[in-house]
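The structures considered in this document are given below.
Consider the two complexes below, in which chain A is the common component and chain B and chain C are the respective partners.
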Partner chain A sequence: MPFSLDEDQLDCLQELINVAMGQASDQLARYLDTFVFLKVPNIELVNAQEFSKSLTSNNQSTAVVSQGFFGYEGIRGEALLVYQHKDSNHIADLLGYDPDELSDEEQLIDISSILTTTFLNVFASQIENQLSYNAPKLLTSEQDSMSEYLDHLSFSWDIALKVNITYQVTDYSFNCDMILLIPESAIIDIKTVIDRILEAL
Partner chain B sequence: MVSSVLICDDSNMARKQVIRSLPEELSTDVTLATNGLEALEVLKNKHIDIMFLDLTMPELDGVGVLQNLKENNSTSCAIFVISADVQPEMQSKVLELGARAFMRKPVQVDVLVKNLQEHGFL
Partner chain C sequence: MSGLEAYCGEITDKLNCGILLLDVDFKLVMWNQFLEVHANKKLTEISGQSIFSIFPELPQRWFERKVASVVQLGTPSFCSWEQRHHLFELPHTRPITTGSEFMAQNCTFSPIKKNNITEYICILIEDVTDVCYYQSMLKKAMNDLALSNRIDGLTQIFNRKHWEDCLAQEFARAHRYDHKLSLIMFDLDHFKLLNDNYGHQGGDQVLIELAKNVTSMLRLGDVFGRYGGEEFAIILPETDINGASELAGRLQKSINQANIVFQKNCIKTSVSIGVAELDKTDNHYESLISKADVALYKAKSSGRNQFCVSE
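Moving on, here comes the complex of A and B:
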């Protein structure tokens, strides 16, 4: 399959993600003055319809902050920060804000922006790229609006490489998932970059 | 003197990065493990002088390996942690558990050599 990664390519991508995830977690830990527990990230190919369903199918309502990114050599995608609503209510405590200082939406966008840009900047530096970002958007959890949003990202996609990273803040029993969607057109470009890194080893 | 080296990391690329960074005198006897359980098995069956240990791994992670070795007081090898989890709390934790040093991923040749020198292996 043109979009699937072989074992070495997958291993290389996973290691690049590990390094970026580690530094994003460090930023988050410093920002919240707590410890962030890291898990091995999960990488898989998903199709648009199934992904949209899976994001909205669990019974717990979610808050999602979405931010597009794009760089040189066709590298592009969308980063989704997925929070359970019970966790998003703790955000003010975590950030040390007064309840009236920022709205819930602004707090979620704040923390999401730190995670997304730290992670992607470290990822980009490892592949000798430089990324630009769209403004983050807070999405509602209703299935129809979420599906519609995912159908109208800045790129068209039927298949995407999905990278799922869980950030678990142990002190607060809080966690959020960072989901990167890399559309099929960019998968080919990512594979080219990965092959270049592997050849240099 | 030839030192025996164990590299424990679930990533083939990360293992290669460590191998590539090793000075020649430490490159002749290198054993590889892909998770913590494999590393403990190697340590049971072979004398190892230096272990380079990742933290975030399936089966048994690097902290689990350090805890196991500390509880059982079962190895004399020098352990150098090489990890992407660079949180200060994690760095302190692995040093408390007996690691000689913490190095951040991706490992750099000069950092690795400096740490080996500081601990008398070069």
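Moving on, here comes the complex of A and C:
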């Protein structure tokens, strides 16, 4: 299996993510002025079809915001922010905006971009990289368009490394999942980076 | 490399998008030629001024909070035309063909850091007026297409397929929540004779007028569709057999009294109507259709111009 990570590689990636989560949570708490809790991540290899099914089998009210990222050494992927309920009044409050100043959609996109880029920026600095980001995009919550979208993700893929982190903002009883998808070709590149870090230990 | 850096200014001036640099106090540090031209202000005269006095249209509180996230978190932030058509009131090159006075924009706010501290905020402004225009045309075409997919071309009421989809939904709802649901199916009497006497255009005219007449007598939630050639059907949610029969009686009378004028001829028509109500034995919406259909044929065989209720 060229794409699977061995135990050391997995531990190392887990550790990098844990550290990034800690720092990101700290930065977010300061910016949002509330406690942001990131749950222990779940890392696994998924195939496109199963993933597409697992995402679309959730209830229909789910909203998903997608944002692509890319950096040096072939590191790239797509972050999906998945919301179970659209409690958007809370989001405006959380962001420090007046709800009249921006639409529900813009609130979702804004909070998604903040959660994604804050985490990934810290993660990138852990692996001495720098990431750029596409503009985040709200995917409609209808099932058909969702699975259609997943079929045409910005990279074509059969297998991806999936990292799932749940964010909890307790003061605002606000929850969402960040799903990072790293496509096949980039898995090889991230393994190279991990191996280099392991050797330097 | 140092030799080439001299060209950077020239290159940014050639870009077909705006580049604007702010300090953390919202004062303009520089912008490229694209903005100088579109805002029609000279950088030398306004650099150092607050962005809010240069562009008074900016939503200040929102803008300040947006920039705060960039400065504090050191991450980029985005603003898309899809949520906010434009931030800066700039003219664009298609004021005639597009509805908007101002350029549709995608804006990207990026931190410019020194020693990991954000010193400046770079705002990239892309002109997406064309994208916005074509997207709105596409949306309109899709809506028109979706509508024409549901509508019968001649009578402008729902076509058979959409009507049946609606029935399936109403059936499921009534079944689940134990609500009332009735169905009316009716057929224009002696339609073949009408066509023979007045030609197909005359027949068409009768169908059009009939659909208009019936539509005017329905409630908001009723779903009226053309089931086949001269056969029509109405879904009546939250209606029992008495309500449906009452409506069937009024329809029959109104249609029979109507005078349809075609090429100076006055055409008289009538309909035969079948009425049925959902009951617990109906496990599928088709059984409701066949009950109404049986009643309709009973009305026909009993001499037409009347309604029959399913037993």
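General remarks:
Here, the second predicted complex is superposed on the first by the 195 of 201 C-alpha atoms of A that agree within 3 Å, B and C clash if a C-alpha of one lies under 4 Å from a C-alpha of the other, contacts with A are read in each partner's own complex, and residues count from 1 in each chain.
Simple rule for what comes next: a contact is a pair of C-beta atoms (placed from the backbone, for glycine too) under 8 Å apart; a residue touches a chain by one contact, two chains touch by 3 or more.
Worth saying up front: this structure is predicted, and the values here are computed from it rather than measured.
Superposition of the two complexes onto chain A shows chain B and chain C fitting side by side, with no clash.
Contacts of A:25 after superposition on the shared chain: chain B is touched, whereas chain C is not. One geometric descriptor of the composite model is the angle centred on chain A: between the Cα centres of chain B and chain C it reads 150 degrees, in steps of 10. After overlaying the two complexes on the shared chain, residue contacts for A:110 are found with chain C alone; chain B is out of touch. When the two structures are aligned on the shared chain, A:135 is found in touch with chain C, with no touch to chain B. Of the two partner chains placed by superposition, only chain C is touched by A:121; chain B is not.
Once the two complexes are overlaid on the shared chain, A:38 sits against chain B while remaining clear of chain C. Once chain A of one complex is fitted onto chain A of the other, the partner contacts of A:6 are absent, as it touches neither chain B nor chain C.
Contacts of A:98 after superposition: chain C is touched, whereas chain B is not reached. Taking every C-alpha of chain B against every C-alpha of chain C after the fit on chain A, the minimum distance is 14 Å.
Remark: chain B residues 10-14, 16-17, 20, 55-58, 83-87, 89-90, 104-106 touch chain A in the complex.
On the side of chain A, the complex with chain B involves touching residues 8, 11-12, 14-15, 18-19, 21-23, 25-26, 29, 35-36, 38-40, 126, 197-198, 201.
By the touch criterion stated above, chain A contacts chain C in their complex at residues 27-28, 30-31, 95-98, 101-103, 105-106, 109-110, 113-114, 117-118, 121, 132-133, 135-138.
Interface residues of chain C, counted against chain A in their complex, comprise 59, 61-62, 65-66, 68-69, 72-78, 80, 82-84, 106, 108.
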